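A quick write-up on the structure given underneath.
Each chain gets a letter, A, B, C and D, in the order it is written, and its residues are counted from 1.
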Amino acid sequence: MTISTAPSQQFASDNLAGICPEALQSLLDANASGHQPAYGDDIWTQKSTDMLRELFQTDCDVYYVFNGTAANSLALASMCQSYHSVICSPVAHIETDECGGPEFFSNGSKLLVGESDSAAALLGKLTPDAVDDLVTKRHDIHYPKPKVVSLTQATELGTVYTVEEVRAIAAIAKRRHLKLHMDGARFANAVATLGVHPSEITWRAGVDVLCFGGTKNGLPVGEAVVFFDRDLSADFAWRVKQAGQLASKMRFISAPWVGMLEHNTWLRNARHANAMAQRLYQAIHGLPGVRVMHPPQANAVFAQLPAACIARLHATGWKFYEFIAGGGCRLMCAWDTQPETVDAFAADLAAASAQAA
Amino acid sequence: MTISTAPSQQFASDNLAGICPEALQSLLDANASGHQPAYGDDIWTQKSTDMLRELFQTDCDVYYVFNGTAANSLALASMCQSYHSVICSPVAHIETDECGGPEFFSNGSKLLVGESDSAAALLGKLTPDAVDDLVTKRHDIHYPKPKVVSLTQATELGTVYTVEEVRAIAAIAKRRHLKLHMDGARFANAVATLGVHPSEITWRAGVDVLCFGGTKNGLPVGEAVVFFDRDLSADFAWRVKQAGQLASKMRFISAPWVGMLEHNTWLRNARHANAMAQRLYQAIHGLPGVRVMHPPQANAVFAQLPAACIARLHATGWKFYEFIAGGGCRLMCAWDTQPETVDAFAADLAAASAQAA
Amino acid sequence: MTISTAPSQQFASDNLAGICPEALQSLLDANASGHQPAYGDDIWTQKSTDMLRELFQTDCDVYYVFNGTAANSLALASMCQSYHSVICSPVAHIETDECGGPEFFSNGSKLLVGESDSAAALLGKLTPDAVDDLVTKRHDIHYPKPKVVSLTQATELGTVYTVEEVRAIAAIAKRRHLKLHMDGARFANAVATLGVHPSEITWRAGVDVLCFGGTKNGLPVGEAVVFFDRDLSADFAWRVKQAGQLASKMRFISAPWVGMLEHNTWLRNARHANAMAQRLYQAIHGLPGVRVMHPPQANAVFAQLPAACIARLHATGWKFYEFIAGGGCRLMCAWDTQPETVDAFAADLAAASAQAA
Amino acid sequence: MTISTAPSQQFASDNLAGICPEALQSLLDANASGHQPAYGDDIWTQKSTDMLRELFQTDCDVYYVFNGTAANSLALASMCQSYHSVICSPVAHIETDECGGPEFFSNGSKLLVGESDSAAALLGKLTPDAVDDLVTKRHDIHYPKPKVVSLTQATELGTVYTVEEVRAIAAIAKRRHLKLHMDGARFANAVATLGVHPSEITWRAGVDVLCFGGTKNGLPVGEAVVFFDRDLSADFAWRVKQAGQLASKMRFISAPWVGMLEHNTWLRNARHANAMAQRLYQAIHGLPGVRVMHPPQANAVFAQLPAACIARLHATGWKFYEFIAGGGCRLMCAWDTQPETVDAFAADLAAASAQAA
């Protein structure tokens, strides 16, 4: 079966990209090794886990699951019971795009949407005050008790929490006896942007559990749940198994992580995607009728475009989402987005924009 | 990172084997196709689904999930509410090896273990009478109401339900208003043994939903849930998504299925594994002290071995499980088990057996 | 053990009142009848069920559960799966005061809060447009699919949906394939206000399931779940049992219903409570600094009071809640609220208000 | 509505009896006290809780729920996560008569049925060895990890664990890091039989949580969940609320407990029921064809009766269950069973037995 490539879709999502060469090579190596123990007792799983511990410079507990919904939902379920609640931003993926996964895995925990001030809200960020408001609002047993704060890093709007911002939220969380969860579907992009050590925006800043995304960064399938607070991972292996998230041929989930972590491929991929977003931003932010919502901090540009431009770009074959919070279009770059593609898109948008103006 | 192959483990489980060449080639092809739509809107998913419909000669609904626990649990949850129950054999994988996955996904459905007559029980099979006994035992609301029968084909003891056996259970199920689920983790091996068309032991015999296993047959990860009764799959896509079983880069789950289904690779793999089990059986069933529990009907030999033999084989590096129901050792063959490996094992067992005798 | 009465608390909630004489007499009668079958096979349960069918002039299915959270949660769970969602108003009891009960019983169904226009929102009502907006907003599998609309009648803000309003929402629900649930914790008060036959604002208007509250209206414990759409109650008896909501000595739950339904006690109680709210409204709505949020339509007055007044009333021993949506105080009347108590409260408020002005 | 008493049903179950006078009087007193705080903030709930603490001579946490299924299920859910398991006897009420309630409330915890030696099994008891076998059988993540042992005291077969037996099981539980739950639906009858202080067979023997049944002993509705290990009851109030088990008019649940606990009514009721079972046993155990399964230790006699006797007794109007484990009939005495009724039943059985012989 043969199929042609589809470059025109390159701004729809970073999960439309394939497997990066380094991850693929590790997968092939793992397959070339004949019979291997199942369920994670293989050397690839050991290796990738060791590498993650090294990466974070701490003796964390690591589990591999199949996708981001499962990673977030299982991590949250390990931190709260059904009658507890999770505080997150209104645009948090766990709230808007996991079809009630967190509620399902926790058997009913409610997500409480924090109301940040408008500046932070536009950036898709939760603020310490928004968290504190929700925690202090009610204490009665007729409402689920807040137990966790969840941050997405980078956010769903392509922005990044600074080290100070993470710390400030962690401080409120600690004071209010909440655990701190980080949805890191694009964690790599945040690290690339901030230029800090991965530990600086995780456990050193007060994060208890990180869902470290690999798929959007070049893996075929699989995310890592990293417990910095190891008390929270008691019996987590049973939870993963029961929830249908334990791969029998685990090496094909973990080996690609080895490829990603070796030689900092994960960071290089992220830097490239981020750079493409910057290139796109530079090329389009001054065009007539184009209103970029904020300078990109990760691998996406969010912009309001004239309806005529959107129609024309779609007609030309370009694919991207329009529905995003605040009315903007989301232009997402991936590890394999080519500068030529960015330039071609920008040229088409410039032409459409000139015509529309 | 390099690693040597580990042929000595080749009888522990069929999920210790790697990816078969045909499945791998499809995965590589899919990766070579650049950006592709996510969440199953890609052409590989369309293609594999069409092929499965052709294979079964019916317009079934097909969903891909990550592993067998998820496939079984989600399929069962689509057929019963929390206050219903599922009838299965005492050695059913859903009962003994999924860590309560079915109970979790259904929010509490109880598994009721059927007591087959001793002949059937030794073969790991459920009988129509065992089903009927459980259904007619109680009708009060203080006990979960039976709603589903679950068969494993091939069974966990390496045996195979005949077409007539499946039909007989389906008849009881129909009469008692139960749905019929088939755990087909080794469905390919059963088809290979019976030499019938796949439809003959599924929907034509009364099966409503089949969990068609691919991993043990040569895939890296991923099983297909095949709904022959399409009423049961209403909104199943939402269920899969919520349960953390929807792959974003779905093509890497579905493309290998294309490779497996093209040119009947799935059946060839199964026939090979079955033949290796027969070869092993022929080589060891007359050895002193060796009591094969029943002639293999699929890809495993179950045999009681003298403790000294077990110890010696393990010391030599051979790996296999001893814990299996009835006290036997399970010697499992895979799609890539080599005749030489079978012969070497048999020779070592013969030597150990002679020494022990 | 003796204890004095506590009239000062009479405006905090209608669930602070005791058992009305008619319900109590039935309970005593039921107790005087010696041994009786358990689990609802007694004649009291039969009788009250027949009476409810007569009351609603239709052959509905009736189940008794212990409280309103259970009634609502189980009713909703019978209408939606975990990956579905329920549309309700932001002040709906199921959203704000059941501690995630609906999410728990349904294993994760999400509540979607409708945004009514401001006039309706101030009255605590959901509008057809608010429902339609939520249903048409998204159709993708990444968000729970709407399956139910839930109305509270009378609402949490003491207002009442007219027959036309219920019908209009039912029409949208039908068009969008949603079931219609009515939280009738204060259903009696709504019927008393509207002066219509109970069937007119339930099944004749398109309601599928009503949770008919008895506790706030004079029962000791117990609510009735009334299924007008009997397809929805398939196996509901098992659901109730599993959920810990089946009383063994059921007669003590159902017999008080007989007392309430005989001679229209339920309606007389509701009329009285409503009249007390009107009396209170008349007495206070013109006082300086007192801003009644809307004329009472059921048994509560919602009013903004000067802080000094609130403090003084509390100091005098009057009890009522201040936290209610929109900032108002809730002054709730019960079946046993005395005119003298209303007058005394109004006098105290008048005095406090004069002093504050 | 008038109804005649039904003395003929007096051996079917102790939950066919009504409310005992002392409990009723307290309920009436509570009702006479006008408005009272809701949700347990009333003085009756405070009083009954204090009395339970005094009764057990320890500062336990006490929660009132509506019935036994809820009490057991919520208590177990507080001790195990969905991927854990609960060890109980094959005749345990949680296994056989709660319609999967424990699995539902815990979101999937599996009940593991212990195989006691035949002597203990005939008495419906779990043994330390049966517990240990299950705990040590498997340690892998493919099977739910045992976390709780549940004993029923008195057992479902009318027998009673001695202090030593409870201690022995508690010792195994402690060694294996299991919590110890006691289903005390008929706890009063066990205390009456053993003649020990209630603390002796609960926390002093190693029990962590007791579900203290009141309904079968003379209450209208409501059981007490008593946490001796207070760490286990963290946030239990939220759990109760979310699960639909928090009574708004709590005083009508708790006040009857006051009546039961004052002047040791609970114990007197239990002694009476036990004495009636002894009287019945003495009257029938030598009759031809009658095989009493074991001398009664609580308030029930289990006996195998000739089919003709059963038919004749039923025809005469006597009601009792036949289905009970081991094939016997269950003859259950209640707090209000009269000696005359026992004698009349015995006489009828004697006549039937003579005729059948």
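The rule is simple: a residue touches a chain if its C-beta (ideal position, glycine included) is under 8 Å from a C-beta of that chain, and two chains touch if they have at least 3 such contacts.
Since the structure is predicted, the reported quantities are computational estimates derived from the model, not experimental observations.
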| item | value |
| --- | --- |
| Chains in simultaneous contact with chain A and chain C | B, D |
| Label of the chain whose CA centroid is most distant from the centroid of chain C | B |
| Interchain centroid distance [CA atoms averaged], chain B/chain C, Å | 51 |
| Interchain centroid distance [CA atoms averaged], chain A/chain B, Å | 34 |
| Distance from chain D to chain B - Cα centre to Cα centre, in angstrom | 42 |
| Where chain A touches two or more other chains, by residue | 82-83, 98-101, 104-105, 107-108, 141-142, 144, 238, 241-242, 246 |
| Of all residues in chain C, those that touch chain B in their complex | 39, 81-84, 107-108, 141-142, 144-145, 235, 237-242, 246 |
| Touch list for chain C against partner chain D, complex | 1-7, 9-10, 12-13, 15-19, 24, 26-38, 43-44, 47, 65-71, 73-74, 98-101, 104-105, 107, 215-216, 220-221, 238, 241-249, 252-253, 258, 262, 334, 336 |
| Contact footprint of chain B on chain D as seen in their complex | 82-83, 85, 96-101, 103-110, 141-144 |
